[in-house]
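Each remark here refers to the structure printed beneath this line.
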Amino acid sequence: MIKVTVWNEFLHEQNSESIKAVYPNGIHNEIANFLNMNDDITVRTATLGEPENGLTDEVLNDTDVLIWWGHVAHHEVLDSVADKVRDRVLRGMGLIVLHSAHYSKPFIKLMGTSCSLKWRENDRARVWCVNPGHPIAEGIPEYFELEHEEMYGEFFDIPQPDEQVFISWFKGGEVFRSGCTFKRGYGKIFYFQPGHEEYPTYKNINVQKVITNAVRWARPLNRRERIDSPCAKALEQG
Amino acid sequence: MIKVTVWNEFLHEQNSESIKAVYPNGIHNEIANFLNMNDDITVRTATLGEPENGLTDEVLNDTDVLIWWGHVAHHEVLDSVADKVRDRVLRGMGLIVLHSAHYSKPFIKLMGTSCSLKWRENDRARVWCVNPGHPIAEGIPEYFELEHEEMYGEFFDIPQPDEQVFISWFKGGEVFRSGCTFKRGYGKIFYFQPGHEEYPTYKNINVQKVITNAVRWARPLNRRERIDSPCAKALEQG
Amino acid sequence: MIKVTVWNEFLHEQNSESIKAVYPNGIHNEIANFLNMNDDITVRTATLGEPENGLTDEVLNDTDVLIWWGHVAHHEVLDSVADKVRDRVLRGMGLIVLHSAHYSKPFIKLMGTSCSLKWRENDRARVWCVNPGHPIAEGIPEYFELEHEEMYGEFFDIPQPDEQVFISWFKGGEVFRSGCTFKRGYGKIFYFQPGHEEYPTYKNINVQKVITNAVRWARPLNRRERIDSPCAKALEQG
Amino acid sequence: MIKVTVWNEFLHEQNSESIKAVYPNGIHNEIANFLNMNDDITVRTATLGEPENGLTDEVLNDTDVLIWWGHVAHHEVLDSVADKVRDRVLRGMGLIVLHSAHYSKPFIKLMGTSCSLKWRENDRARVWCVNPGHPIAEGIPEYFELEHEEMYGEFFDIPQPDEQVFISWFKGGEVFRSGCTFKRGYGKIFYFQPGHEEYPTYKNINVQKVITNAVRWARPLNRRERIDSPCAKALEQG
């Protein structure tokens, strides 16, 4: 059984009527629901507004794969929580970073780069698979379309991905490395671009398949007991 | 001084009036001319119709970087020449593979994959840089456009490039990993997609800059005297 | 159920009394036996001396992962068989290449390089894991020792591996990239250095674990129906 | 002209008689001296004890490549300086990280991992080249020896390097990925393991060649004006 925690900022769905109409129970529950339909996956959720942002040691100790969605309140995530997430990934926890979470604290800390990119609202996207034998692409056609999606464009300031799984085409003239894997420490990270809050992207069957595949791919196989980094410790205390 | 040999199949420009109108002296001379404007580069050309396809030992011994353009006559290239090119690359010679040369014998032998891809004539292309600090991208803007270019689309069956430098967008809905580096043995290889014979692609200033940068990047630094591969030898003799 | 075919040259074990003493039923059966102890894996074997080297279309159609051991008779493997193996890998079949099979025809064809290396008989080896979260390293300690193994040393002329899983230390002063993954087409390839025929390497529990893990990692997820490469076809027919 | 700044913690050479005997003017001046013998390189130095750790905006604005040596006082480096160094690298400045600087703040920030490793004093090292065509390996033999060097061993917790240039063998039984390149943003990073303060490693001709090559390789080709990362800014202000 793979234990997944879906973390969501959960602000848009409470503050905007139109977004609430798309995801009445929040993006986290939308994702939890389709994942829970798999016998080998069990899901809990956590949100920004909960104590310790919902990510207590108890929760993280019981998490194999963490999914992260955030947008307007990255800076409100506690530094202590972001540090803990980074540390857990290095020790083996899987991390799936969705859409605007490219600017989340845990992702920036793990990448080491600015993670900046271009963006523009509402464009048509085609997600092309450039690594068809990859576990995350299992059952995905050569491409799939998202009629409405936020455009994210290059230059995307990330380290070259260990594996490039998807590259997206946008009608307006941009391309984007939209499905990228990274190994960091004992952990596996998957960044996946689709998922603007105003569109029903997480109801798309291919998007759901990709995220489900990624959960299985990112599950920990070995775990590292502790990370022995004096400087990292100094940074955390500093 | 970097010694470049530009190899061209040189059939279209002799057999088609409209293509001759674009490249009256052949694609090889078009490329040779803009490269020759650099003080640190000296260029010769070679074509399919010459003895040993123009690539005698004498020529290859005097070549630092080989540029390859071919399209309809890949199968007419001598196997012995293709084997020699592969061997030279493994010993340090640079290789720049242009456009339809993705199906050339030397490239397929060096990649090990089928190198197949999608294609469609005449589309608008945007070449995006996804590795702006790379030597091959020196002086190139974040993207440049080619009003008329043949569409090449994914899935492009190549090994994951060592470095992804460019990704192209095509108006019709495709993306393509259009600028890719590979190290093989002591040698450096750059594949670059633009360059359909019917359009004046090699007169484009950015295309010229990319190829010039690639020549400098691919020049040999160390050379290996010989390749000691019994099985490779058996294959060559077999 | 993962269908594995273990291919062995199977000459040493028939021609040398001392090697026969180590592997009385051949290296292929040694490997088949420990793999068969897993409920999710079923194994057949094939050897050089069988018609079509034991790798008929019927056998290959029924193979998810092919394991290859060869040494003194690489050149006796039929070119048609080597081409078929390459083609199957590009369409999704997994390939595990053991020890001296670095010089086998299928591996050289898939790598594109000479695959040459240094070697010396009988040294002590330590196999270090440099990618502890990788599926192939599941359950493997930070290093394990092989008291007697053939030394293989750098420079190993392969493309930079997609993932470096193991690096070996040899008492005599060499290092070797001994566990390497490569994706080619839809297929996954794992090269693993240990396994000289004179020593009981394949009876080592960690070696067995690595190969078992690699079988699971290399199983096909998607398959490609055919490879559309005119030049590859021309090469095969040429 | 490539403008290099060599940064050194510069404590050992003042506090220890035996280390002062090896590097009477400090490691920074040892490195500056051999670099300054090249017509295309000009060098300044900076140390921990200077105001702003010697790395004012004025100095950084005038630096193409920064070389970093530190050991016991990583935590004393100002966070503001570490952040600036990271930011400059993302905008194009080259960074060469030596030996125990694997635990320096800028390197950990740029890698995103713990950068932990094994270590043991005084062992014999052999530095093997596994990428002989790489610019950083120009003129370097297949291996070179360091009679006395600190052992650094795997598992080294770094992202898989973009390019593996050197792997070291240690007599005591360890291997180490000792020469690693990383691209981050517009900048190039080279980590190089040799250089324990008690041994005259930086007087070794091959070590000097590697560092000189790395300076040329890491020089900026394009520069990015600014990094637009709201979260990064929040982190810096937070």
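In this document, chain identifiers A, B, C and D correspond to the written order of the chains, with residue numbering beginning at 1 in each.
In this text, a contact is a pair of C-beta atoms (placed from the backbone, for glycine too) under 8 Å apart; a residue touches a chain by one contact, two chains touch by 3 or more.
Being a predicted model, the structure only gives us computed values, none of them experimental.
Both chain C and chain D are touched by which chains?
Common neighbours, chain C/chain D: A, B.
Using mean C-alpha positions as chain centres, tell me how far chain A is from chain D in Å, no decimals.
Result: the chain centres lie 33 Å from each other.
Nearest whole angstrom, what separates the Cα centre of chain A from the Cα centre of chain C?
The separation of the two C-alpha centroids amounts to 35 Å.
Can you list every residue of chain C that touches 2 or more other chains, as numbers and ranges?
Expected reply: 131-132, 160, 162-163, 183, 185.
Touch graph of the chains shown: is it line, ring, star, complete or other?
Here the contact pattern is complete, since every chain touches every other one.
Per the contact definition, I'd like the list of chain A residues that touch chain C in the complex.
Against chain C, the touching part of chain A is residues 92, 131-135, 137-139, 162-163, 183, 185-188, 220-222, 224.
Name, in rising order, each residue of chain B that touches chain A in their complex.
126, 128-132, 142, 153-156, 160, 163-164, 167-170, 173-175, 177
Hey, which residues of chain B end up touching chain C in the complex?
Chain B reaches chain C through residues 74-75, 79, 86, 90, 103-105, 108-116, 157, 159-160, 162, 182-185, 227-232, 234-235, 238.
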